[in-house]
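The following pair of complexes shares a single chain, chain A, combined with chain B in the former and chain C in the latter.
== the complex of A and B ==
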């Protein structure tokens, strides 16, 4: 069980070449290179640590994410997540949800491209951001211009728009929330809510 | 939370009722374990199910879902009958001594002023008697028959242990054990904490459930103390923040409110908000309302908001009604809505009466989802067999699914239930072409602005004048927005006491909300977050985890609103003279000239003890056992049955549900009658520890841990219906049906209520038709379309179903 020997040696702090040499001395000819190649470098050694907060419940546990650049596309990708031992609330611990966060970040069902479903269609079609944003803004303006109520029946200025609504997300940041608030409210929208009421 | 997760270690008694922290908030629950291990604290759990929180409790009492008010008023009655209240606290720090004016009455579940046709109260008889000095009349001897204390005594007298058992199904001896344990914390040096969550909010009288406990905590003298308080565990990582920043139909940031259409200009708007104190010397904090409001309008509209145009008052949309989500989906179902955005929200699974939700979404012209995951909502039009039985071709809704970043790729702050604003940093790039929500919002606004500038249209002013001073307007950065939220100075303000000095300097961040002004010289996105990003930097990013007083305060960790205060109302942790009720758990104390201690004082630092009272947000200056007009359904809570109940209300059998809750006519017809033979079982919904809402079914590990939808029933019900453990059942309500495997447990036991056996059915919430877990259903296929009378949170926790065994699917 060559693999096991070399892994144990590695964990003791011995370098790959030491393990290889030792085995080479025992008569395993040419094995040195093979062993060195079989030992993976310590996974976290070349990663960047970033502090973040678990996005699930509102205990707000501290987490540390380990990321590295993907060889395929150069994008930074998370390869490990653990509890932050410095965090006063969770002190490094995580629950069954937080402990599995890596699979959330890298879930196959993450959305990756803007998609569009035409009325009556049976499937989504991929579209460009330009198409989606232009079309949505156009639909918003059409509806707002048609249904905006400047004055109520008593002639009081009410400046409201109630035929388009917005559900905001209580897992987004406060900064996202404020940017969202500015855009939604300045348009006069009243149909506006988040998970707090549900 | 009035307190914090880490503060729970200071408690003597934890009462978990309306929540299940061990499973839903496991890492926060560790502080309960800490209190048990290190202080000898006790844990009580009151719940329809013997949950994992219950499994480590010192005492567990069962209760029928939807009857918490009867239980809590029963405990209050027990405490009053047995003299188990914190007398000095009640006399000085609550409105027990205030006198209610003549004309108030209560009979058979209804208060004076009820109008059945409007399903509403005229609340004028619930006010205080106002004396010639303009203040509320008090009787500090508590002898006046109409003082709040005596009205409360009278009101709760009905809720005897026998009556509690009849309504709640909690055996009398178990109720009395809980009542006795709770009542012992009336000692000045004993403290109880209340931990609750959606088990209390998701009812047609959810707000009054919480009030019931808040009243009890005031009577026991547990509000404002270390290890005490009312602690809403909260469900999402930033549900506190989204509420604080005001992303709700009727809110402005920081719990300011939008004008109604009756408030036609700034003057009448301010008239109803600039609360005057009801007792001499009281602070009545909302007297600063205009400073917060004007600063908010300046943050939104900058130079376009001027004193001459009432600070752009007309830019604010005026409410005729509140457009909560139930109303929104009802309007949608009536064909009265055109478009809808779902940002990180999955209403197809999270709003009640899924049949109605699908119908409503199908009537939209367009729907936009912004989410890091493929949600059921964004595919509501897609046929997934019995899991989403729709005819795609007939659904004419145009749908956009916009991919957004998740936490790992995003920077910014989240406010946890301890009110801590914690900053986080991105560690990964977004997958594919996913973009941040801020970028998406900026892009939409830019297009709207350009179109309105070019083509004109309906009232372009607020859109084109919106402040958007970001380095890259296409992609505002989180720290830029955080600075805006904190607030900044728009013009130099000279020091009135020394003209050679500046009070505020143009371009600087404001240090705290106390610096905000109503003359247009300051801008502030959300006043309660002032102090979070000052000239000293980003306070939310602080990571000093030292706790010198060992009180779990962590004052230099992140930023807690308001003003970095960790325990709200902490002035009440000291007696009238300003000394802690329990010196071993000191939060703040009066040192002869100022307040100081282990927390930021929740009172002016130099306010002498005995003048300004601890509850500075209230006009009374004290905690409210009685509410004059703040609650639609009564100055005190009353037990009302859920809208679908296995029994008639023992308080008054003629009242169905909460008599002032809004019910749309079509929805009432879709509810079972009380004691229904067709739907005889009392169902409730809940979370599992392995899952988070509808997200973790996308996560491989969690999908393996809990792969499949199930319902939980008692051994007795299983035997009665011939259901085998792991066998298939159909669960149906007046609105829909689901199929599930049956988990037959000892964790649920039948209760006896009003002489009748009541079987409880538990339905977890986590399945849908997208993700890694097996396809399944959720309780929202079954639940009624009705919400809390005050805030419209849907009644997810108590409804009627039938359960029948069915043959399993063919493999």
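== the complex of A and C ==
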């Protein structure tokens, strides 16, 4: 295949089969050395560009996120986000929310952990996932035990639970959506929606 | 009762859409003149100033070579069609047969290049080229087409490659860019050659898309971003740049093939030239190679590096 040929050409072009350089052969002495000397004080900085999907809505626009190591603590930090030109959905465009993703990512008020505001309390406080899931399950179970309708007034089995609703987000995979549906419907919940623009 | 027509959904424009074409053929009338200008602009205060000025002269000679040169014979329509059908490049260099137009291009270019101010070694190489018999010239020509110069003819290789760039750019310009098809990973859809650099362009119809520039025929072809041009891997791609100096030129490195190709952000610097800025950013190559990456591009002006 042509690709193979090209690959071989790359290797040759990369200096595997030649000695010396064009500059030297043409008589430009000292040019390479000058360049080598000029870059000595500099370091190679490493940045990345990563493809991802905008998390906002169900359109699922492609984005490219640029990141580099922070000088302060060496952690990678996203410094720019733009629409992915090669993505068939948005072809490089982003809506105002997508275009503001960088502020979303680096927002100081961004929710990173489960937070809990106890009844009567003024502040949210950070809790463990264990606590959060137990708490939600407990409240759901209590409500379901109280309000579950097994049969309607004509005695027909309906298994409804209408006092709790479920709002899922759109930025999910098919598998997540499938699992969500199974859990919610098996519990008898009728009020169930996927919010396309959370 | 008549059914209401089903609703139709039109896409709503939320911004400037980019639909990059597969390939853009070069415009030889301005290509080399612009490159010469870029070389001259880069030379100011550059460590490689003498070499960049020499290449500015060569590019200007490439431009001047074309004046009242008989037009390059386009490939047969049937050949182009067949090449497209089988995913082959229409002006493949492997099947290239030099005709009188090539000989004329070479002669004129060597004459014009002789007027460029150059060190002794370069002038001597040109003199050797002018007097060489056609067999030897043919040998050099095919070595240049294969990007495989012999170690004892590096200086000749530069001149022959530059002359061939003129001829192939004129050949590629005769092609209909819309009829080109992808031929292979990292290969030019017009001549099948390797790229010299890739650029994130700022063209109105393809803003932010990445195009590779062919090292021989100067055709630009579209390659998806954040993907290794050399091996098509999308894993382990990162970008090396000289810290605090150049952020419009980066080296796209790939951990799968350990190669790299420079990527020029024309969106940041519209005057970046795929060939001129490749030469002028030699410092980046040195840093990247020191870090253990292999240069995956071909540029006759940097051969042996």
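The rule we apply is simple: the second predicted complex is superposed on the first by the 107 of 198 C-alpha atoms of A that agree within 3 Å, B and C clash if a C-alpha of one lies under 4 Å from a C-alpha of the other, contacts with A are read in each partner's own complex, and residues count from 1 in each chain.
Operating definition for what follows: a residue touches a chain if its C-beta (ideal position, glycine included) is under 8 Å from a C-beta of that chain, and two chains touch if they have at least 3 such contacts.
Here the structure is a predicted model, which is why all the values come from computation and not from measurement.
Legend: residue contacts after superposition of the two complexes on their common chain; A:158 is shown touching chain B, with no touch to chain C. When both complexes are overlaid on chain A, the residue A:50 reaches chain B and chain C alike. Touch criterion met: A:94 reaches chain B and chain C at once.
Applying the stated contact rule after C-alpha superposition, one finds that A:112 touches chain B and leaves chain C untouched. Taking chain B and chain C in turn and counting the residues of chain A each one touches, the greater count comes from B. Contact with chain C, but none with chain B, is seen for A:36 once the two complexes are overlaid on the shared chain. Shared interface residues of chain A (contacting chain B in one complex, chain C in the other): 48-51, 83, 86, 90, 93-95. Looking at the complex, you find that chain C touches chain A at residues 14-20, 47-48, 50-51, 54, 88-89, 94, 118-122, 125, 146-151, 154-155, 157-158, 183-187, 192-194, 206-210, 224-226, 230, 234, 237-245, 250, 259, 282-283, 286-288, 290-291, 294-298, 300-305. The touching residues of chain A, counted against chain B in their complex, run 48-62, 65-67, 75-78, 81, 83, 86-90, 93-101, 103-105, 107-124, 129, 132-141, 143-145, 147-148, 150, 152, 156-198. For chain A in complex with chain C, the touching residues are 1-3, 5-7, 9-10, 12-15, 17-29, 31-32, 34-39, 42-51, 64, 82-86, 90-95.
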